[in-house]
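Shared chain: subunit A. Partners: subunit B in the first complex, subunit C in the second.
Showing the complex of A and B:
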């Protein structure tokens, strides 16, 4: 009984504290923003720091930045908040959530919010490749924030050991295979001690595949998000190549490769090269005990990579004041200086050319050239797979890739049936 | 009816009300709403839901992924339930005896239960990782290596079953331990005087006496085999090619990745009905064999 009373007393005081504090912090405009973190590292601290800077510069706006898990969690939380009537005003969400959000009538286009010419110019200040996923129906719906591409991390020490030039990583598929084979190291009993290459095939297989298809000069979907090209001959060819890397060329382990543990594999020297998000750059730099390099992905017909990562969206359920405040916050967080800071502390791409003109990023790139690889690769980049019914359409491709890599189906068969099913899903959007 | 009885009745109902409100709001209403939703089409703001009758169920019957996850789930249940229950019983009998450091062993067995599933999955992810993982490093001492445990559709489900048994056995052990401690030691003395062996004593005395616990544990194990999917988020995301996906994980995907609430509701109804049938079956079947005191 005593403990119950004490409990009540604690609850009562906690409640009164809560009421007091909410009264004390009354600000003119209050914004709630969800943001996801998809790669390792203490990114929440960085975001909190940026938001605190913003609040200092704009005392009339209070921002609740809420870490919402991975991209999927962030979307679920934001949409659930929307349905519950206690919505966020803006959020960072997956750039490929755009069609889902439009279909749910959840977001507003930035073109409908911008007021000044300065704002309109700002919309054009980002790298075009990073805008691709944020634009449809002729309007801008998403502003690039934590954006990445795939790059190739490689172990220069392993290159030297295999008698390869550590400054010329593979630039074509053929070189990828021939150099990869030289990099494979086996022990006396024939077990592989180090693989040549690992391309992760869990978590986001369609993303890695987007790179392979682009290199084969093939995109996976159209700009309206209502058509996919899963069974195009060059798509099939790209998947065949992916499977051959493990099955035929022996450069990569067969079956699927785990996204979550790949970085550790690379850091422990179990693979000489890995394809991974640029978002891992800073943490690899911190933990690598060997000399490593970062290179653009190789080319078959051309170089290519999809972009990836999160965009800012503004929700429809918001007052004009909240929209204006959201714009202010987004413009603050994407200003060249902050973008540079963000890029240095995470490895994500500086989303606009003028960020690379800032002293901070200039000197960083000077002392650490790998930081510029992702930027230089943007020239060859394309949009990440994103369509209407995107979850399902994407999963069809994921399953087809994994079925092929594990040898359950041939690429033609797997991609053919994925295309049939995607067609069925997308028909009503055409 | 005398007024005191009415007052008693009202009193009783009033006492039940708070619990009833929560039960109805969070259990019964959602279950019924789910059933209702399964007869409607997917709803978006632009395309509101409309009544489609049994169409969702028809789609389900032709959905390859659905059948795959059902098959997986059956194997998962067969793999985890008997093994974890048997292991729990053995462990409980072991730590119920007089042995040095008994407290320590009990704690060790119980530890996996305390750990959150997500943490467990993260630990096991690095056990199973090829080349750098614990299992592979151990095997490499004997000349095997490079097993891609989670990346191979043939081994992935077994890997998840092993991890689940490890996680669950300790939890069930606690129930068995409690049951064993409530058995009067006189029974054992009497049995020994009569010359009964240890196995005979277990088979004819201990086992029947802990039968109510076994029923309870079995029902829990069955429910868990359909309910526990947290580890899939970390370990495999259901892959490769749905080889390790379970029914509830698929429901999650449909609801929150595809945002097809109607189809998710349909799958949920199937899950609910399956669980209800199994639970009722277990009660009816086992009731005769269980001696409650």
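Showing the complex of A and C:
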């Protein structure tokens, strides 16, 4: 791979030299791009392939695509490189890192780089729900790339066994409880063999909670990232419901549920339904030994889920040529065809409506309809929790959720103190 | 009295076994998950079919052969650098009188209190100025002047009887010869123990190598392993355990083979 790239780089520079001597206009630009890997599978190879295609189409631009660990590692790496004067020009990073990157003065807004009307139209070509995490202060800072939402995976065989219709999964909270209770299976001595539902509460509890609150028609923060609504009555109600699922209705194990092992539990039939990232779709499809379905999350007042995943950012420390080249690269990688390819090989959502019009994705959705559920759900989606001081503000909510689920605190108490502390952190950004 | 004693010994043994079991259980689980199909990852059935597919898949997802080489170069490079530098520094601190010695030694000790992670940005810009970003020397350099190594060797050198040095001097040894012929041989078990700590630390180090490297040619095993982390979709246990076993196998084998020597040198060097 490396030697091919090097060969292409040599070819590219030779070619640009040729052009340079003929009309003296074109020079080679070299870009460094970081990207994190957050779902399983040989994604570095997919990215390398996409980048190689780009270099073939744009011989005057050389791209070093560098795998940078998970989202946290990628942010640390990008900021370290930035401060050392040896920076990258663009990177895929967590969509919710936006405020920290702005505060560090690390990134430029896409509105300040776009030149043509065509570029401006391109900014509007993505699903609006996916843009929410990339827009603040009236400008676009992040372009959606590897994006996911939460969906409900359910075991159709278990539905049949419980006498439920496998083609109508729960659409409301009430149905979630009533169907969930029917799906719980106990052995002779009263131990649970199979739970009705599992919503993971480690790893990313705030993310799952974002779905519950949205379904109760409540967002967790404002669009400027300096205000949270942790103690709003509908937020408290949503957390109470989460707690009740395990504690009162017995649909779910009371206590916390591991994020990392949930898929395994679902695949082994220890739960009939699970809420999890769309990023799991490809793996569940590959490993499920039973008939499974994928559904939108149910509604209380409305349906709802947060989006998740990574966006493209362009760094401020870059020359106008590098920015133009970065734009070109991002536009290339988010073109409908490539988006379709990326979506199929990863399970991430196609980030724009016209990706679903491509032959590739059309036929994929036709033969595997669950792939379209996440897209259909985008209509009801909202931004992932993201504020200034996002790590600490998010942790406050995570702790409040876990304290409630373990029964250590009541929802009002836990969320009230989380809100107080969040206010203290965010005051200076108002 | 004897009965009481017997119970005490028995309790001690039971506690030791319990601790050992707790300690080794992740490793045992890793073996279980790695050698069985994914469906048996958390279902313990003695008759479950064995498979090597997980290893095949893990191996194919990252260039592990290259990563092995990189890790090997990295840990040996660091170890050699640390031995040379720490030996010289420790000798100076232990046996030479010079003004400011205590202050300099205190400064070295202060380094023990600082987590290396705090210095990531600073170290990165230093490496960048030296032009060592994305090189194996760049990964190792910040760890060469190890405060722990200097401290440990200094303490060991201090226990060497002055008479031995005096005798060597009488024989006409220069200070370097004294160091190499008297001090270093007497500190062998300290070197072995420290070497083990250093190798296992750098074999397992993750964040700094990830930050400072950009290419397959320089990345160590741990960074390659992180590809299986998959925080968003949840881990595929069978594959990640297979990858982990691949990464730790050389260390594990080395430890099993030289276990006796390691344990003895730890006892002598007093590292716990």
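Quick note on the criterion: the second predicted complex is superposed on the first by the 403 of 430 C-alpha atoms of A that agree within 3 Å, B and C clash if a C-alpha of one lies under 4 Å from a C-alpha of the other, contacts with A are read in each partner's own complex, and residues count from 1 in each chain.
Convention: contacts are C-beta pairs under 8 Å (C-beta built on N, C-alpha and C of every residue); 3 or more make two chains touch, one makes a residue touch a chain.
Since we're looking at a predicted model, the values are computed, not measured.
Between subunit B and subunit C, C contacts the larger number of subunit A residues.
Touch criterion met: A:276 reaches subunit C, while subunit B stays clear of it. After overlaying the two complexes on the shared chain, residue contacts for A:203 are found with subunit B and with subunit C alike. Of the two partner chains, both subunit B and subunit C are touched by A:268.
Of the two partner chains, subunit B is the only one touched by A:399; subunit C is not. In the superposed pair of complexes, A:358 makes contact with neither subunit B nor subunit C. In the superposed model, A:377 makes contact with neither subunit B nor subunit C. Touch criterion met: A:76 reaches subunit B and subunit C at once. When the two structures are aligned on the shared chain, A:64 is found in touch with subunit C, with no touch to subunit B. Of the two partner chains, subunit C is the only one that A:86 touches; subunit B does not reach it. Residues 76, 79, 203, 260-261, 264-265, 268 of subunit A lie at the contact with subunit B in one complex and at the contact with subunit C in the other. On the side of subunit A, the complex with subunit B involves touching residues 72, 76, 79, 100, 103-106, 189, 191-192, 201-203, 253-258, 260-261, 264-265, 268, 270, 389, 391-392, 395, 398-399, 402-403, 405-406, 408. Per the touch definition, subunit C reaches subunit A in the complex via residues 38-39, 41-43, 60-62, 120-121, 124-125, 127-129, 133, 207, 210-211, 214-217, 223, 226-237, 239.
By the touch criterion stated above, subunit A contacts subunit C in their complex at residues 2, 32, 37-44, 64, 66-71, 73, 76-77, 79-81, 83-86, 148, 203, 259-265, 267-268, 276-277, 279-280, 283, 287, 289, 308-309, 347.
Against subunit A, the residues of subunit B that register as touching in their complex are 44-46, 65, 125-126, 129-133, 140, 143-146, 148, 150-153, 234, 236-237, 239-243, 253, 256-260.
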